[in-house]
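Single-structure report; data block below.
Every chain is named by a letter (A, B, C and D) in the order it is written, and numbering of its residues begins at 1.
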Amino acid sequence: MATQASFTAREKGSIWRYLAAFSSREFLLVLINLIIFAALAFARPDVFPTWTNIKAVLSLMSYDLLIAIAMTIVLIGRGLDLSVGSVLALSSVVMAMLMRDQQPIVLALVLGLLTALACGLINGLLIARAGILPFLVTLGMMSLARGVATVLTTGQYISFPRADRWFSDFGRFEFRFQYGDTFYGLPLPLLITLAVITIFALLLTYWTPLRKIFYVGESPEAAHLSGINVVRLTITTYLLSAFFVWMAAVLMTSANRIGYANYGIGAELRALAAAVVGGASMAGGVGSIFGTFLGVLMLALIGNGFVLLNGNPNWQQATVGIVLIVAVGFDALRNIRGRR
Amino acid sequence: MSKAQRNVTKNTTVIQYIGLAFVTFAVLFGVQLGFGNMLTPANLEVMAMNMVFEGILALGMTFVILMGGIDLSVASVFAFAEILGAKLMIEAGLPIIPSILITLIACALIGALNGGLIVLFRVHPLIITMGMLLTLRGVNLAITDGKAISGFTESYLFLGQGKILGLSVPILFFLIAALVLGVLLAHHRFFRQLYFIGGGERAAALSGVNVNRVKIIIYTLSATLAGCAGIMAAARYGAAHWGHGNLAELKAIAAVAIGGANINGGSGTIGGTVLGVIFLAVIHNAFVTSAVNPFWYDVVNGLMLLVAVLLSRFITLRNVRAVLTLKQSKIENIEATQRT
Amino acid sequence: MTTLLQIQNLSKSFLSNRVLRSINFDVRKGEVHALIGENGAGKSTLVNIIAGIHKRDEGTMVFNGTDISFNHPLEAMKAGISLMHQELSLVPNATVAENIYLRREKRNRLGFNDWAEMNREAAAIFERIGIDIDPKALVGTLSVGMQQIVELAKAISLDAKLIIMDEPTSSLSEKETVEFFKVMRDLKARGISLIFISHKLSELFEISDRITVLRDGQHISTDDISTVTADDIIRKMVGRHLGDLYPVRSSNIGDVVFSCRGLTRFGAVRPTSFDVRRGEIVGIAGLVGAGRTEAMRALINADKRTSGQFWIEGNEITIGDPGEALSYGIVYLSEDRKSSGLFLSFNITDNVGAATLDRYTGSTGMFKQSALRDKAKDFIGRMDIRPPNEAARVVTLSGGNQQKVLLAKALDANPKLLIVDEPTRGVDVGAKSLIHARIRELAETGIGVIVISSEMPEVIGMADRILVFRNGGISAELDNHQGNVTQEIVMTHAVIH
Amino acid sequence: MNSLKRMLTITTISLVVATVIGSVPVKAQDAEEHYGMVVFLRGSEFFNWAYAGFQDAAKTVKATTELQGPADWDASAEARAVDQLGAKGVKGIAVTAGDADTLVTSIDSSIKAGVPILTFDSDSPKSKRLLFVGTNNYNAGFTAGKAVGEKLGDKARVGVSLIPGLDSITHRLEGFKAGLASVAPNAKIVTTVNDEGDLQKAESVNTAMLQANPDINVIFCAHGNPATGAYSATRNVGRDQGENKVNVLAWSIDAPILQGVEYGDYFGTVAQNPYMMGVQAFWQLWSAAHKTQFDSMTNPGFGHVPAADIDTGVKILIKGDPTIQALLTPPKF
């Protein structure tokens, strides 16, 4: 499990530390991303490397990134959360409806968060307490949350024209600055996403309570005997997942200025593909935020490449499936080699 | 173990079926009383046609789940069969029989590929079949460029719209397939092994069951059945479209779970799945007949899945309790006989 | 009485340790041949070789007059040798007849299974052995006793000439055992030979014709049952050379550091009470299934216990879960290192810190990586764990090194009571004595130690006091300060009479 | 004993489920005059307007209505909904064909069964439906092309955001080309991109399009979904204001688009009239369902309906048009 080895191997002053880092999955993903980036820059030098295109790719992938991080946390704890897409829609619908009725924005955001956390808690309790397979519980929740969202809105777009402007602008706000003769805009949501994720990545590595999730995922029985509260931590992973799903819901609702019951359709499949490509595995105990970021970036670059090279966009949907199978195959062969 | 106790565990599955049948009839008659025109022959026919293709997928899914696996790719194999059949017959002008054969062989190969990857990579079947689902959906979209293909010959349309002995062809196929597969599962040597594999792969391997070979064959069977459903669906609608069968895999899994099969494998019957399919058909039709806000369908679907899963969990916990009581009595009476 | 199976100087070793050393063993036609020996004496390996699960290294095996060498259990079955595993390999959701005829179904013309025929045959077998079982019933609905008989019927249906039974009566009630013996006698009468492995001496004397004792992988004796007494058997079973030197016993035993009263767990542990003194090693002996591990897991509430009161250093404490036990300094190292002891794909540092993560956490909750790393380095030196490299994953370490990592993890939690379950299982001889020395050192520092072991010499060699477990509870408490407890005494209390 | 308990738990759970379905507030259903409308992408605002029209028209004659159909693109689910409504014995069905060919069989069997059925908004020309009520896509495209031509004249360089392969959209594009050429002969359509009907996708593909073709000065959205994405694309490339602003001609009347027109983000939107489609659809069904002295010549056995399709026309809404405020409050039903 290279990621785990590499990050704890970063002790000072020993040669094999570099070897461990080089063989790690993250390095491989950085390499692949660079190759794709170079290929696209070479193919469309006029368009691809421009800041506007890069900014568009990054800010557009922030939703998928937040959901992929949510999936990664649950995967590290040897779980699975197929309900991320539907809970995103439910949370966005709740917030939009409250804002439409002129409730204070903060109250709407808090209730949106509570809705997501409630779904996460139900998932966590049924999985950790009742011991039901995560795949089944979250599959049921996926259908349930989507159904409630559509019942609440009868499927309509929920716009909030009379809500305070700051919320519907914040999703599109950019720090404009000039460098040389060209304008550069740094979208606020992108900064927020990157900031929150970096903080969380540090916490996951250096904050003890979160660090224990690795132990629960690696071997629940050994963790139980080492005094780690496996049930509480498993529930926490589903609550954390709900938190990141809520964040994606806030950004999406603000950027599009509408809450919609069909947000996030298929998001869980993309998130799982990105997380697995990024090194997480359903066997638990392994996975890294940086790895998942690289996975999401790779899928986003491939998507952007399709558009720029006027490739038949229909094939782009196929690539996500192919990338997932290749990543899993690569992972399996590496484990088989490692284990023998 | 007392006689009563013996009957109970034996009949748990039977009780589950009676409960399910009871609910189905309760809904059927409830809606008939409330809104009328539910039990008309035309409505029954339409109700059946509404779930027949998901039902055929559920038959294949039963074998896969029994074995402790899962097959998400059936929905896009279903659409792929529609499209390949249409392309061969309409664009390539092949006669009906060869194009159907080629399509079924192609589907079988996809199933074999699924099984092969699962066995080779030793990875959770959910990931492999999800990858196949995404890849194939992209391929379906790409090779038809999003457009439907139509213009089937009259005789081919009979496969979907024609009636034999008063029953439309797909329903007849579903009933015959359910009967044949039910008998095979109950009596044929090869299929009885599924219970052993579902019960415990290692123990099965020890007593001479070739687990890998069985897995590949079962995934091939599941994909071939999806192919048959696809061929008949193209005839039924007179058009092949990449969008057909969307989310059919989730309905098939729900039917198998509600039919009482244990999602971890080891228990479940074709009869149970048929009851699950009928139940979902009745519930869906009840929504239309009672003109209840159709959005409630997803909510009920999700709820039913969670209820079915909690039920099977409740049964397993009850059995564990029974074993403990047995052991306790053994300890006590051995202690009574010891002299030192 | 003609000989059915003749084995001459058969040997077998796994990796570096020799499990069977030139065994001679024979079974006559229509004979019940008992096989007995301590845990780890080589009984299971011998029968696994006979049943074709393992292959032998050297030695000859002649069965029914022909030389045999199987490389799959199926071949042994075809030759007429059936092995009844200790845990049954039946499928609860399949019918009795199906379980019997798995992979050998009788077919009618159409290739479908001919159930009527199979049910008839199964019913005939049950009738012949005088037991009423409905072939169409689901196996899951039968009692454990009935399931044993179905396993037997499966062997009979294979028209087996030799049936090997590994602890068949361990989970049978008194009444069921009587019925089981009736069936065995009937088989014997029809010329089928039975190898019967059991620790219940009373049963052996009741049913077997000859009895072979194995010890330390060597064949000690084969006698007619009428010519030996229970004490002879026990004496032959034990007396294993004490072999490796055990560290000298403790001189300064302090006062009671931990005591437990009325510990029970429904279905697994009888009311159990004991004390552990500072600096003392309490050895827990007992045969497989005597409930030793279950008792300890109930103590730290890893498995929910039914009742129990505990005191640490004199004041009463409540133990809600393993975490709470750790907070009071009660550390349990599990029996199965691989699944519930170590985090296999983590490296040594992370394994050592697993139970004490909170101690390496700063006030703000930030994890002090370097502190843990230094501690791990210090342990690697002290316990001389030799990893290929510092970032090596624990799965790549040898059994001995893995056990040292576990001990380091326990030490890091500075325990008041250390419970070590099977400290040297799967550890090569060299590392064994080092681990024993570490455990004794730990005790010397003034903590209480409980050592659970299935190897009699290890318990007697290490322990200052020995609790013998039988049938889910303590059957005897032996003082071993002078190391004068003999293996015979322990075995007498361990065996169910 | 506990088998009894088992039975009880199962029956209680099932009764709860049955009551949930039964008790949900259900509109009283007058058996004779009940009409059904079937849509795809159920819940999108456009189809909610259509159903509102359909229902309001029905209320005037005390008829009841019902909305069915899938929440996604699966046209086969629409076909099944049509069959179920037919079997249920509704007096008339209005359906918008997500995919023209998939609906043919169900529409024809509905006509054969004597249930009046017509298509609205998206037609299924090969089927035997009574008639098509909706925007004539070619005319709508023509009106839009003419509007762009009038605003930018010959220097118009157009980028089109659409979903390939949908008949209705292809006809709109042809109409647009003709309309543009009619007023600005050497204006050019530079390229088209596929937004897959998704907001996020629309933003990324339009951003890439604008960068790949800097000469584009107007984006024509050929259907309701991509407008917000197209406008964000113009902001991404910094051409959302100022002199080289890229004009966005949106489609349909979703609330955010109407707001955008008011704020000046979009220079206009092609407003179809879904509400009128619903109203007209109901009346044609009503007339077909209530035969008079003479049967319809073209559809024997049904009441009279016009032979030609009904074109509900389009209007280009630009900033300040009073209908925008009216349309801003979503329909109640």
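Methods note: a contact is a pair of C-beta atoms (placed from the backbone, for glycine too) under 8 Å apart; a residue touches a chain by one contact, two chains touch by 3 or more.
Values in this document were obtained by computation on a predicted structure and should not be read as measured data.
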{"item": "Intersection of the contact lists for chain A and chain B", "value": "C, D"}
{"item": "Chain located farthest away, centre of chain C as origin (C-alpha)", "value": "D"}
{"item": "Comparison of B-D and B-C (more C-beta pairs in contact)", "value": "B-D"}
{"item": "Separation of chain B from chain C, taking each centre as the mean of its C-alpha atoms, in whole Å", "value": "42"}
{"item": "Whole-Å separation of chain centres (CA-atom averages), chain C against chain D", "value": "71"}
{"item": "Centroid distance [mean C-alpha coordinates] between chain D and chain B, Å", "value": "35"}
{"item": "Distance from the mean Cα position of chain D to that of chain A, given in whole angstrom", "value": "33"}
{"item": "Residues of chain B whose C-beta touches two or more other chains", "value": "7, 145-146, 293, 295-296, 300, 303"}
{"item": "Residue list for chain A, restricted to those that touch at least two other chains", "value": "150, 154-155"}
{"item": "Touching pairs among all chains present in the structure", "value": "A-B, A-C, A-D, B-C, B-D"}
{"item": "Chain B contact footprint on chain A (complex, rising order)", "value": "80, 126, 130-133, 135-137, 139-148, 150-151, 154-155, 269, 272-273, 276, 282, 312, 314-322, 324-325, 328-329, 331-333, 336"}
{"item": "Complex contact set, residues of chain C against chain B", "value": "53, 72-74, 89, 91-94, 98, 102-103, 105, 107, 111-113, 115, 137-138, 140-144, 171-174, 266-268, 270, 470-473, 475-476, 492-493, 496-497"}
{"item": "Residues of chain B defined as touching chain D within the complex", "value": "4, 7-8, 11-12, 15-16, 18-20, 22-23, 26-27, 30-31, 34-37, 40, 42-43, 45-47, 49-50, 144-150, 157, 160-161, 233, 236-239, 241, 243-247, 283, 285-296, 300, 303-304, 307, 311, 314, 318"}
{"item": "Complex contacts: residues of chain C adjacent to chain A", "value": "300, 302, 321-327, 332, 334, 339-347, 349-350, 354-355, 357-358, 360-361, 365-367, 369, 373, 389-391, 393, 395, 409"}
{"item": "Touching residues (chain side chain B, partner chain A) in the complex", "value": "70, 117, 120-124, 126-128, 130-139, 141-142, 145-146, 250, 253, 257, 263-264, 293, 295-303, 305-306, 309-310, 313"}
